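The same subunit A turns up in both complexes below, where it pairs with subunit B and then with subunit C.
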Partner chain A sequence: MVIWTLAFGCCTIPIVGWVSDRLGLRYVREWYSSLVIALAFIPYILLIRLVARVGVVVYPIPSLFHSILTVDMVSVFFILPILIVGFASSIYSTSYMSHDTGLNSYYTLLSAMILGMIGVVSAGDFFTFFLFWEVMSISSYALVAFRKDRWEPVEAGFKYLVMSSAGSALMLSGIAIVYGIAGTLNFAGIALAMRTPVLASDPWLILAISLIIVGLGIKAAIAPMHTWLPDAHPAAPSPISSLLSGVMIKTGVYGLLRFYILFQTLHAYWSLILSILAFLTMFIGNLTAMFQTDIKRLLAYSSIAQIGYITFALSIGTIQSISAALLHVFNHAMMKGLLFMAAGAFYHATGSRDISVLEGVGRRMKLTGVILSIGLLAIAGMPGLNGFVSELLIVSAAIQQELYLQAALTIINFVISVAYYLRLLQRIMLKEPRSDLSRVEEAPATMIAGMVILASLCVFVGVYPSMFISISELAGRVALDIGSYITSILGG
Partner chain B sequence: MSLPILIQAVLTPIVLAPIVYLAGRRLSHHVGWLAFAILIHSTAMILMVAGSEYLEVYSWVPRMGWDIGFKLDGLSLPFALNIAVLSTVIAVYSIPYMEHRIGDRPGEYGSYYALYLLYAAGMLGAVLATDLVEFYIFYELMLIPSYLLIARWGYGERERIAFMYFLWTHIGALALLASIVAVYWVTGATSIEVVKTILRNTRIPFQLEAGMATAMLVGFLVKMAVLGLHVWLPHAHAEAPTPISALLSPAMIGIGGYGVIRIALSFFPRFFTAYSLPIALWAFLTMLYGGLMALSQDDIKRLLAYSSISQMGYLLFGISSVNMLGVSGSILHYLSHGLGKGILFMIAGILIMQTELRSISRMGGLASKMPLTALSTLIGFLTLIGLPTTSGFISEWMIFGGVIRSSLASGSMDKLIVAILGLLATMLTAGYGLWTVRRVFFGSIPKHLEEVREGSVIALTPIIALAILTFVIGVYPAPILDRLTQTVMLSLNLG
Partner chain C sequence: MYEAILVCSVALIAVALYGFYSKRHMIKMVISVEILVNAANLLLIAFGAYRAPGYVELLPQSLAILSISSAGGVTAVALALILAVYKVYGTVDVRKLRRLRG
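Then we have the complex of A and B:
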């Protein structure tokens, strides 16, 4: 099981780190951490094969609330980007973090965060969900504020901590109300209970769902709950930024997707709220990103906008739209992970995140520059790269439901976003380098390696999207098929 | 089994682009010859199958029904040929020009030619594509390299201009994409042929058809830069490095016209018939505007850019006739405009190389110093004007013939008036063309130009090759024209 591998890693990284420090061996801890994440791919592949065979895999966890982990196609689909970006950022960290102290806790927290995310997407009941949710959140607070000797990360981390735990608390109250109504925390059990009209029409349910949407929305940075993100993502160390922006905010999306389907009877309500919030998120994210001078802040706002696209696709609620949203989750994880790593490489080399200082740096750091360009063109939706495929599918799903206005608004957002991505590309790659960049050198090999993994996936999915489209469509189909989800967990 | 021929023509430049980039470090400006060889190969591949209709299809995303296909028929042949020939000869022309532009920064030649190859491949792919999604991909693939080429090696405020160019074209492309998606949901297919058949055989509400056609038309007309959607063109064409201007204007913008004919017109003939008059009027205004603006320019590249807008008006004018004569005329006009404007932009480049000037008012009397250049300029403009025995004559004759025939057939007096006004507007072309030749090449030589010499052989050879080609097509258009009219008749069902 993937989680056990990572849990083993969490427990052993500090020991390995401590021992290697004592023995004076460098980089043992770093490579060990990457190795653990890489090893997690083996149980993951076995898991895929199992899921492909039986549909839903159930792992009971002996505890108070009959906790279970249920892994179906949707969970499997979400675990993939978590592992890939996690692995890439662990490799990337090797040189990025090499001048920092407290690396034992850094790598422990890193794998704890990955563990938490995987747990969230494979939880089978609210208790387990919330448990892993907190594991993920707490380790990410600590990682955001990791460079605690400067004020910015501490402030951002604190803001994130306050907002996110408020969100968790709201979500917990929502969960409590749901428990009161349905009498169970098990997802399948709740879905079954929702088939009883009396329960499903309970007015408290609306409150519960609103609370859960707010809780999840804070994590997913859906406007107007997004304000922590532009502070926290830039302040974190870059590999962490790419994990946060690339995959962690997607756990919020996962929650929305899962619960959207659980509370079937309230679909109209969900759809309305989600689509309004989605457009708010897109416009706020894109319009604010245009005015950013800090490269990582720009990317952070762009993440908000991308969450808007995904939320919009979720709100449509057809198989096409859900699979488009899933594919975009994967694609955005690759692109944004890549972009944050490239921004981090520039920061590492120049010590600045200010775009006006970074002008022309792409000409000094050619390889990183090319990788950044791939990421920017991909996220701008240029055909031949992965972003295009999923953005096309999102618009396509909207037009299929005859949501012409919404499709047009989404396209307008694509245009706005192209404007700032392109300007960033232009300033980093084409401007004459400033004289004070003359001593800048290409990023170290491990950082390049981390980025190349993601960049090659961007290109691969763009050129050969067939496989990923099929998988996401399968996952979308599974996600909407609540009937067989209930049967396979609760039996007959 | 079909031999992979056309896919070679399109993919070889893409695959070899990184190699050209790397080779650029070693070979410096000589890497242009490598790009030339690659494009010769592509041209040869196209010529190899030019004899008859030829189709290759590869499965790409079977789940969504997306294919990658390449089709060379009478309709795509003039386009593919023009693009292949122009990009090949301009690769040679780029060698002296980019040496002049880049100078002794040997690292940059590789990136220039790599982007150049991608750009050429994007254009070729777009006109050979058989699938709407594939078409869109190539349509955008020509945008990105050209954007980078302008932003990197252009003149003036090149970064802002490139940015504007990108945004305008990209917004158009997104409108096109929206329309493609809508077409997909109406018909359930993305293959151009299949969609066409389905749309022909189903009655969809006219309002929906008009919506889809309008979005598509906007997408293509931005690329064609017709009046109102033309804002980016004079800037981009004037400030791009000249070999790229010589590809942008003669080869690329006409692909918008190709899209209108191959896709929009064949999908929505009812829309075009219904709105024939407004489209003709729009085209006429574009001709007029481009011609008048060209008359008032002093910068030679801007003059040529406005002339391109005006010429795209002719293309649209021919399309607005919605009959075989007019539409075939448009396509042939793409070819003759491509040859003529290709010559003229390259000449503008030679003038820049030899005199470091772009301002026409500061030139004069150059014919005695640069006789070959002067002669080619004249040929270029005469092609645009439509002198008999150049290819421009046949195409313009067909365009106006087509429009007049359609106005007679429909009995529409208004359309006939527009057609006659359009005919009169061709005098503008003669006006700015011949006047420019006079101002640049005749009269007395200003003092600062007394040392000017004829352009280099490598720069002049491509120009002369194109000049000969305009006469060849002008005198003996049958091989292209026969197949063109046949395809237009059969595949577009036009009489």
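Then we have the complex of A and C:
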């Protein structure tokens, strides 16, 4: 199981780090951490084969009150970007973090965060979900404020901590109410209970779902709960920004998707709330990103806008739209992970995140500049790269349901976002340097390696989208087929 | 029985929200978070009592214990952060922490 590999890594990284520090060996801990994450791909591939054969794999956790991990096609689809971005950021950290101290705790927290995210997406009941949710949250609080002697990370980290832990507490209240109604914490059990009309029309359920949406929405940075994101993501070290923006906010989306399916009778209410929030999120994200002067803040606001597209696709609730949302989750993880790493490479070389200082830096750092251009063109939706595929699928899913106004608003948002992506591209790559960049050198090889992994996937998905589209359609179909989910977990 | 716990829990949520909006001391904000978590724990206990009157339900209680322990972790990180903020800014007043505009 993928989780055990990473849990083993969490336990052994501090020991390996301590021993290699004592022996004076450099980079042992870094390579060991990357190796552990790479090794996690082996049980993952075995898991895919198992899921393809039996549909839903159930792992009971003994002695923990019937808590289970259930892995189906949706979980498998979410684990893939987590592992890829996790592996890329671990490699990238090797040289990006080499001047920092406390690296033993850094790599332990990094693998704990990946472990938490994988646990969240493969949880089979609220108990396990909440356990891994907290593992993920606590390690990400510590990682955001990792450089604790500067003002920005500690301020952003505190803001993130207070908002996010209040959100977790509200979500726990929602879970408590759901327990009071359904009498179980198992997802399949709750879905079964919701088939009873008396329980499903309980007025408390609306309150419970609102609380759960607030809790998940804070983590997924859905407006108006998004205010921590544009502070926390730029303040974190760049590999962590790419993990946070690429995959951690998607665990909130996973929760929204999973619980959307559980509460079948409330689909109308849930869709209405989600679509209103989605458009608010898109417009706030895109319009604010236009005016940013800090490259990482710009990317953070663009993440908010992308979450808006994904939430909109979820709110439509058909197989097409959910598979489009899933594909966009994967694509956005690749693109945004790449962009944050490229921004981090510029910051590493120049010491600045101000776009006016970074003007023309692509002329000095050609390789990083080309990789940044791939990411920016992909996220702007250029045909032939991955962003175009899933953005087209989202809009076409909306048009199939005759939601013309919503589709038009989404396209307006795409156009707005193209404006600032291309302007950023032009300023970084084409303009003459305004400040003195003569001492700027190309990023180290390990940083380039981390970015190349993600960039090649961006190009690959863009050129051969059919395989990924069919996998995401399969996952979307599995996600909506709640009947067979219940029977395969609870039996009969 | 469970009604009384429910009322307590709602009261605690109100106290926590009041704390978020009125207090500007960082440690008091962390205390507000703690109160909110405890309100959620009480809610779990209350609904456990509602499902099985006169008995103890294991599942919500174990979830409450999990939540208490994770809140301990959150508080530890929060206090460490407050210490770091105090070293950098020389104050623990959140009004002074307004350099980020989010």
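Going forward, the second predicted complex is superposed on the first by the 488 of 492 C-alpha atoms of A that agree within 3 Å, B and C clash if a C-alpha of one lies under 4 Å from a C-alpha of the other, contacts with A are read in each partner's own complex, and residues count from 1 in each chain.
As a convention for this text, a residue touches a chain if its C-beta (ideal position, glycine included) is under 8 Å from a C-beta of that chain, and two chains touch if they have at least 3 such contacts.
The shown structure was predicted, so the numbers you read here are calculated from the model rather than taken from an experiment.
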Superposed model, subunit A: greater residue contact from subunit B or subunit C: C
Which of subunit B and subunit C A:Tyr106 touches, first, second, both or neither: neither
Touched partner set for A:Tyr32, first subunit B, second subunit C, both or neither: neither
Partner chain(s) touched by A:Tyr92 [first = subunit B, second = subunit C, both, neither]: neither
First, second, both or neither for A:Ala142, with subunit B first and subunit C second: second
Doubly contacted residues of subunit A, that is, touched by subunit B and again by subunit C: none
Footprint of subunit B on subunit A - complex, ascending: 377, 382-384, 388, 392, 395-396, 399-400, 407-408, 411, 414-415, 418-419, 422-423, 426, 430-431, 465-466, 469-470, 473
Residue ranges of subunit C touching subunit A (in the complex, touch as defined): 9, 13, 16, 20, 26, 29-30, 32-33, 36-37, 39-41, 43-44, 46-48, 50-51, 58-60, 62-63, 66-67, 70-71, 73-74, 77-78, 80-82, 84-85, 87-89, 94, 97, 99-100, 102
Subunit A to subunit C touching residues, read off their complex: 64-66, 126-127, 130-131, 134, 137-138, 141-142, 145, 148-152, 154-159, 161-162, 165-166, 168-170, 172-173, 175-177, 179-180, 183-185, 227-231, 235
List of subunit B residues in touch with subunit A within their complex: 60-64, 133, 136-137, 140-141, 144, 147-148, 151-152, 159, 162-163, 166-167, 170-171, 174-175, 177-178, 181-182, 184-185
